[in-house]
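The following block contains the structure, expressed as structure tokens.
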Amino acid sequence: MNDDLPAREAIFGAQHDRIFDRLTGLDPDLATYIRDFAYDTVYERPGLDLKTKELLACTLLLSLGSPDELRTHLRGAMRAGATEQEVRETLLFAAPFVGFPRVVAAFAQLRALLHPRPGS
Amino acid sequence: MNDDLPAREAIFGAQHDRIFDRLTGLDPDLATYIRDFAYDTVYERPGLDLKTKELLACTLLLSLGSPDELRTHLRGAMRAGATEQEVRETLLFAAPFVGFPRVVAAFAQLRALLHPRPGS
Amino acid sequence: MNDDLPAREAIFGAQHDRIFDRLTGLDPDLATYIRDFAYDTVYERPGLDLKTKELLACTLLLSLGSPDELRTHLRGAMRAGATEQEVRETLLFAAPFVGFPRVVAAFAQLRALLHPRPGS
Amino acid sequence: MNDDLPAREAIFGAQHDRIFDRLTGLDPDLATYIRDFAYDTVYERPGLDLKTKELLACTLLLSLGSPDELRTHLRGAMRAGATEQEVRETLLFAAPFVGFPRVVAAFAQLRALLHPRPGS
Amino acid sequence: MNDDLPAREAIFGAQHDRIFDRLTGLDPDLATYIRDFAYDTVYERPGLDLKTKELLACTLLLSLGSPDELRTHLRGAMRAGATEQEVRETLLFAAPFVGFPRVVAAFAQLRALLHPRPGS
Amino acid sequence: MNDDLPAREAIFGAQHDRIFDRLTGLDPDLATYIRDFAYDTVYERPGLDLKTKELLACTLLLSLGSPDELRTHLRGAMRAGATEQEVRETLLFAAPFVGFPRVVAAFAQLRALLHPRPGS
């Protein structure tokens, strides 16, 4: 991980342009707000390292029940230096707070990321 | 912070017994489950340090909208070694994911913790 | 419990008129919809007994995080024949599904109902 | 849009019967409640025009995270006279309140409605 | 239903091992917590019969919007002795509390369970 | 309402400075993000009039269950030109989508706004 990269490049890696192209295809202003406010403003704040931020992002998306965005940030957490074990600990930690169904759904996204099946 | 302490003693400090007495007063089995499962099982897992766990807890409680528990874990995060700035960063980080109203409510808890008013 | 009573009279008892007067004071049409649709249509359906319905209501309100309505239906469950223990079991049962914070908040309502403090 | 039509015919158009046939297939009483209470009672209230109601419906379904119903009401909003731009503004407006993940999911439904792919 | 069986065997029946194998495949500790805490501790508590517990579980999962787990427990409720009509009543009962979209989604899971389509 | 005013001045009126001073007291960067992104960027977008935006805001805050912010925007909706009746219609409209408890809580905020009690 290169600390001089914008956070969004560090966590999305080779998927960066595809992710923002998809958002632009949904709505150009939406893509701009996500890039400028969520990433280039909030994610770029100092005070927490990128790995911690990505673990917080996974927790927030687990809690919301947003499977696609969760998978993106599970990958992002590992790109930002989290080990698979740290990601697993983060998901397990949520169970007493939000219950098992959200945690099971989150681990299903992690499995899909770690063991992609052909065609899915 | 003494790493040999159970996590619940490290994060609740002098409030520990009062917190569990209150839970026992609500329901003794509930108190047992929270102590044995949430704290002595899940919180004691290795792999993430206690400060990171408490920042995740604050994020989960911000997302749930649970003000009392959030205040307890904002204090816990600082007992576990998080600076006030790290706590603020954690709360701000949630804004793009869950919106401003939950974040404003979380900062109101932080302010109440940092600047308690007489009688409240 | 008199099975010939409307469900809303059975579960609200002496509070019935006060509860609907308060709703009418909020909005008369809202009060009408709650009375005619929620109570006189949905609650009056056969197939589940009133005690089971009230335990389901407590579960739904625990999950929503609606403390005032929850307290009303905790009382309603006991008026419909649920023992204190059955109510406690219902609240505890939710913990693995929605996590502890919602359950703790629900037990705080139960305690306030069972042990009202002067002035609260 | 013909103001003499029931709101549900105005917003569902040619899909009206298919939508209610599907609901009846799920549960006949559920279909009756949705038709009689949600549509023929609440939607028929005066005071807000149908376009505004459909934009509110889209906002509520975005917030709930109900993709299928959201798509139905995105189409309904446009049948009720909302331009594509007004629908986009409605979805973007939600971002500061509920965060980006719900808004991204909503725009994915809008895109699927505007650019249906063969077989989906 | 054999009362000597663990609740999880009574409600999952022939799917029991497949369900826990899947959870173990997601994360072995997650599977252990769900088995030991959610099922062998909370589900085994006396005070409510298994049918009532499963109806509560369906209500919680309807409220959470967790379709896969809901389908599992709709089946579990019927294995625990609930009639199809009691399950339908349970789902309908939630409408005034959490609104129609969650209830429609729950009935879609019930239909899929009662009328599975080839290949789905 | 003066269309040349920033939306936040039009909807907050004489409370504007107090509202932002409170947010700054919670966290200066939070206040900046809410002012610059939520208000001066998203609220200033053309395409929907301010009254419609405020009705959407009330709907979002009703759905989130954020009572303080809801009261602020109920007042804002009326400042932006919504009649009391339009606000009531907006709150009632949410009932079939999110259920009665959230709507009752919203009307309690409306009543507190319309009929403030001394000391509250």
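To keep things simple, chains are lettered A, B, C, D, E and F as they appear, and every chain counts its residues starting from 1.
Keep in mind that, in the parts below, a residue touches a chain if its C-beta (ideal position, glycine included) is under 8 Å from a C-beta of that chain, and two chains touch if they have at least 3 such contacts.
Just so it is clear, the model here is predicted, and its values are computed rather than measured.
**Q** Kindly list the shared contact partners of chain A and chain D, in label order.
**A** Touching chain A as well as chain D, we find B, C, E, F.
**Q** Using mean Cα positions as chain centres, tell me which chain lies farthest from chain E.
**A** Result for max centroid distance from chain E is chain F.
**Q** Going by average Cα coordinates, which chain is farthest removed from chain B?
**A** It is D whose centre lies farthest from that of chain B.
**Q** Could you tell me which of A-B, A-C or D-E has an interface matching A-D, in the sense that over half of the contact pairs are shared by residue number?
**A** D-E
**Q** Chain C to chain D: how many Å between their CA centres?
**A** Chain centres of chain C and chain D, defined by C-alpha means, are spaced 31 Å apart.
**Q** For chain A versus chain E, what separation do you get between their C-alpha means, in angstrom?
**A** Here chain A and chain E have centroids separated by 30 Å.
**Q** Please work out the Cα centroid separation of chain C and chain E, and write it as a whole number of Å.
**A** 23
**Q** Which residues belonging to chain B are in contact with no fewer than two other chains?
**A** 29, 33-34, 37-38, 42, 45, 61, 64-65, 88, 92, 95-101
**Q** Think of each chain as a node with edges to the chains it touches; is that a line, ring, star, complete or other?
**A** The chain contacts form a complete graph, every chain touching every other.
**Q** Which residues, counting only chain B, touch chain A once they are in their complex?
**A** Going by the criterion above, the answer is residues 34, 37-38, 42-43, 45, 47-48, 52-53, 55-57, 59-61, 63-64, 85-86, 88-90, 92-98.
**Q** For chain B, which residues are in contact with chain D within the complex?
**A** 95-101
**Q** Applying the document's contact rule, which stretches of chain E touch chain D when the two form their complex?
**A** 65, 88, 91-92, 95, 99-105, 107-108, 110-111
**Q** Under the touch definition given earlier, write down the residues of chain B that touch chain E in their complex.
**A** Of all residues in chain B, those touching chain E are 29, 33, 37, 41-42, 45.
**Q** Spell out the part of chain D that touches chain E in their complex, as residue ranges.
**A** Within the complex, chain D touches chain E at residues 23, 25-27, 29-30, 33-34, 38, 61, 64-66, 68-69.
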